[in-house]
Amino acid sequence: MIELVADRYGKAAIRLVRVARGPDGDTLRDLTVAIALEGDFAAAHTDGDNTNVIATDTMKNTAYAFAKSHLDGPLEAYGRALADHFLAAPQVDVATVNIKGHHWQHIAVGGQPAPDAFVRGGEGTRVATITGTHAGTTVEAGVEDVVVMKTTRSAFRGFPRDTYTTLAETDDRLMATKVTAIWRYGSPDLDFDAVFAAVRTTLLEVFADHESPSVQTSIWVMGKAILDRHDEVEQVRMVLPNLHHWLVDLRPFGLENDREIYTPTTEPHGLIEATVRRTEA
Amino acid sequence: MIELVADRYGKAAIRLVRVARGPDGDTLRDLTVAIALEGDFAAAHTDGDNTNVIATDTMKNTAYAFAKSHLDGPLEAYGRALADHFLAAPQVDVATVNIKGHHWQHIAVGGQPAPDAFVRGGEGTRVATITGTHAGTTVEAGVEDVVVMKTTRSAFRGFPRDTYTTLAETDDRLMATKVTAIWRYGSPDLDFDAVFAAVRTTLLEVFADHESPSVQTSIWVMGKAILDRHDEVEQVRMVLPNLHHWLVDLRPFGLENDREIYTPTTEPHGLIEATVRRTEA
Amino acid sequence: MIELVADRYGKAAIRLVRVARGPDGDTLRDLTVAIALEGDFAAAHTDGDNTNVIATDTMKNTAYAFAKSHLDGPLEAYGRALADHFLAAPQVDVATVNIKGHHWQHIAVGGQPAPDAFVRGGEGTRVATITGTHAGTTVEAGVEDVVVMKTTRSAFRGFPRDTYTTLAETDDRLMATKVTAIWRYGSPDLDFDAVFAAVRTTLLEVFADHESPSVQTSIWVMGKAILDRHDEVEQVRMVLPNLHHWLVDLRPFGLENDREIYTPTTEPHGLIEATVRRTEA
Amino acid sequence: MIELVADRYGKAAIRLVRVARGPDGDTLRDLTVAIALEGDFAAAHTDGDNTNVIATDTMKNTAYAFAKSHLDGPLEAYGRALADHFLAAPQVDVATVNIKGHHWQHIAVGGQPAPDAFVRGGEGTRVATITGTHAGTTVEAGVEDVVVMKTTRSAFRGFPRDTYTTLAETDDRLMATKVTAIWRYGSPDLDFDAVFAAVRTTLLEVFADHESPSVQTSIWVMGKAILDRHDEVEQVRMVLPNLHHWLVDLRPFGLENDREIYTPTTEPHGLIEATVRRTEA
């Protein structure tokens, strides 16, 4: 016997920009949205029966229409409206909405923000994932692609050595990483923008402040700080590549290199992931 | 209380090329390898204790060294040797080795393959993932980035219509997708190269042959065919973006467009995923 | 005084697919087109006067419409039709059409090509640039992104050594590159598909055959062979990155590495460019 | 006769990070450097004679060594030191050094910049190109990948209409672009950091302030303002893609869309380029 054991489908990479025009200037939202549904869709696979298959084109249209009507507040509220909408279809058991928010800021002209001109930039992307089921709604928020570096207070010592070990121990290496951090909120009703900003600040401040004996410890220290300082957060998952920066050997050129000139590399790279959670006890 | 609930780490994007030099010409292997370990690594996170932390640099070195000694056969055998090696360390519970094989072929000179010159190309990338645990070894194989298109015999009809539905029903659309298909073998000891080639052929032939009422059905039909024809395979997971090709409206220019001129798009795209499995019954 | 000294504009990244449906199966063309115009457009810059500015949206529409009417033959004929069309506008002095042709082939089913199913792939991209002026039309053709490798018969010796030189001389290195080769035809009326195929074969065969003392020599040898063997070609320009493959030091692991295990790198890379031309004499 | 008509070679994508460690905190420089040489290199092509061929590996080493000794000041001074160094070799006629500077800033902790922790970000990349010849040195500076948007005061009207024109005239479109702007200085000895910052500010302020009847005019207005306000600049070249944002038709869903919800696209895109220069008169 052959059976379908898991399936989901949806629309990804829905790009949209919303300009809210006001007397004091425009507000800009720039999003990439992905919507995925799970539920009673087996007949579409096994029988070619599309009766239950909400077209992914319809999902795209809904994302556009809801951007008009439901995007005055945080990403999470917009995502929740979309998730609730699709969950109202009887065939849907799980509706997942993932949103990336791209950062723009007003261009400064003579020190004042221009009301109608923007420059894209900033550090990393804000993300939110809203998962609606009939049992309730889960909201995750986080950041992607925040590239950070510690120029000191990072070590890596005491690791085991075998036939294939050539890495030297170091008390003072350069540590760089591109942070993906996703945290789960305990409630679907929060002041999401404020909490996001606060958690992001904690993440960056702790990254800057702590002494790192390994990327593993850095994840734990940052994750623990987020849970300690932000009651709204239940769990944090982090994925940290170790973007190695190798000290260049300048001795052949008669030069010393005391932790000064590095060559950054991307291949290969370490990859460290962990999830830290608040428990009941 | 705050606790670590999951963690793993390793080295990703290890690039290596192996040239096996023979009297009748060279053989070329070009791989990207990722190694990840799970096990007794909590102290590295919570106590900064690296006693158990096999350096990811050591993993890289091991991948290079084993390329010398264990890469005469299929990717899967090389991956298994690496997984077994790391699993032999007492702190390791799970060792996962993911390998991408990049395709090169001999350049033809006067119709004959040059012994020592190659051109990179082909359709998609071969992948293998070997997961070693103390309970046994699982081998998955598959392809990524195989871009295929059906120019006819693809329809999408009978889907529900609501306020946000504007998509027309169609009996004859162009269907294009970039296939990711990963299948799990029932045994870690197979003639992996032969089985891979056979499954890949089935995948492409069935894609070409079948009538598609939806991408969902296409996944089912391809997955089912793989399970029907290849006893070695227990399960197939496929992820198929729907790379929309929209018929261009040429009427303003006085031209008819009967399924002839399309504009391909990548944003947004449908995304359909499913897993099909052989069951005991 | 401030003056406009050069300007051009157009539409880039126009994506289109054409399916020619025939009794023996479909034929697929997949193109990315860019159109650029130069001419009497200064007033658009300096006076905001768009009287002469053919909208880039119109260029896109024209590319689609001409795909219907002018794409039965080679890329170059389609590009020339577009260039001639835009050159007919009195304000246009130069119309440049650049076309990339993406390769698809029929999927084989039971050894026979499926009439209506295709897989994308192949080695590199075919390109053509047609430049129309009132003085005449120039046609360039070529390839991009053809990744090739020689596993032997490549050396690099006899280069100068100074304070900053650490590279060892080598008689037998691995040479890999991603070829961009663009050749200019002497006539705008040729059997473009046949000549393209023949020149591409020469390029690959000579790459495979020659002994390389440097990438510089390789460019010369390939370019010269193209000019020697193909009278239709007047000039060849090549850009060859040197995609370094470094021999891995396996001695710490007790292993020899006689030109066997390499690590490919992309940063940094050499970059060698040259143009070779037929002269009157 | 076949001849070599142009050739150059060098090393590209040299990545380096310099950490200058000071009592008040570290300073971080993150560069991607490319070096290219022209001169008496024909024998390397035609005769396989490497006597004059400074190895690109040597160029890389020199870039690292000079990062130690010549990178206390602006990018341009470092680039000039490299160009002068290579120009001192008798076979070199032209030495071109292109530098991209990647932006990092100190992470704020409690409102104060951390001395030794940084986050990468900002808007666009700073670039500099130093071209040394025996006749003198030319310095160009600029920005790449600065993505900006005007949410109003951008129009496109009065363009010609033909058979293939379907674009409507508009008084109020959204204009977005990714600016590449490269300006040439009149002297190789300037306070490069200060001038760069001032020119960049002009570019952004004028983009924000002006009324745009076309991207063509925007280039002219920005280029002219840079030349008007900055005597150090002789010439400005700009390349502006027109990153179209299309107003979504929400009428099928019973919603109005008065310049509010847009879908951003990247394919196809307009591409407008022009050079504006100061003339003697």
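Here the chain labels run A, B, C and D in written order, and each chain numbers its own residues starting at 1.
The definition used in the following text is that a residue touches a chain if its C-beta (ideal position, glycine included) is under 8 Å from a C-beta of that chain, and two chains touch if they have at least 3 such contacts.
Source: prediction; values computed, not measured.
*Asks:* Which pair wins on C-beta contacts, B-D or A-D?
*Replies:* Between A-D and B-D, contacts are more numerous in A-D.
*Asks:* Is it true that over half of the residue numbers where chain A touches chain C are used by both copies, so same, or is it different?
*Replies:* Chain A vs chain C: same; shared/all numbers exceeds half.
*Asks:* Nearest whole angstrom, what separates the Cα centre of chain A from the Cα centre of chain D?
*Replies:* Computed value for the inter-centroid distance: 29 Å.
*Asks:* Averaging only over C-alpha atoms, locate the centres of chain B and chain D and give their separation in whole Å.
*Replies:* 38
*Asks:* Two-or-more-chain contact residues of chain C, please, as numbers and ranges.
*Replies:* Residues 15, 61, 65, 164, 166, 252-253, 265-267 of chain C each touch two or more of the other chains.
*Asks:* Make each chain a node and each touching pair an edge, then name the shape: line, ring, star, complete, other.
*Replies:* Per interface graph, the chains form a complete graph.
*Asks:* What does chain B use to touch chain C in their complex?
*Replies:* Interface residues on the chain B side: 15-21, 26, 28, 30, 61, 64-65, 67-69, 104, 107-110, 114, 116-124, 146-153, 174, 204-205, 207-209, 245, 248, 250, 252-253, 255, 257, 259-265.
*Asks:* For the complex, which residues does chain B have touching chain D?
*Replies:* Spelled out, the residues of chain B in touch with chain D are 163-164, 166, 252-254, 265-267.
*Asks:* List the residues on chain B that touch chain A in their complex, please.
*Replies:* Residue positions touching the partner: 1-15, 34, 36, 41, 44-46, 48-58, 60-62, 65, 89, 156-160, 162, 164-167, 213-217, 219-220, 223-224, 227-228, 235, 241-242, 266-281.
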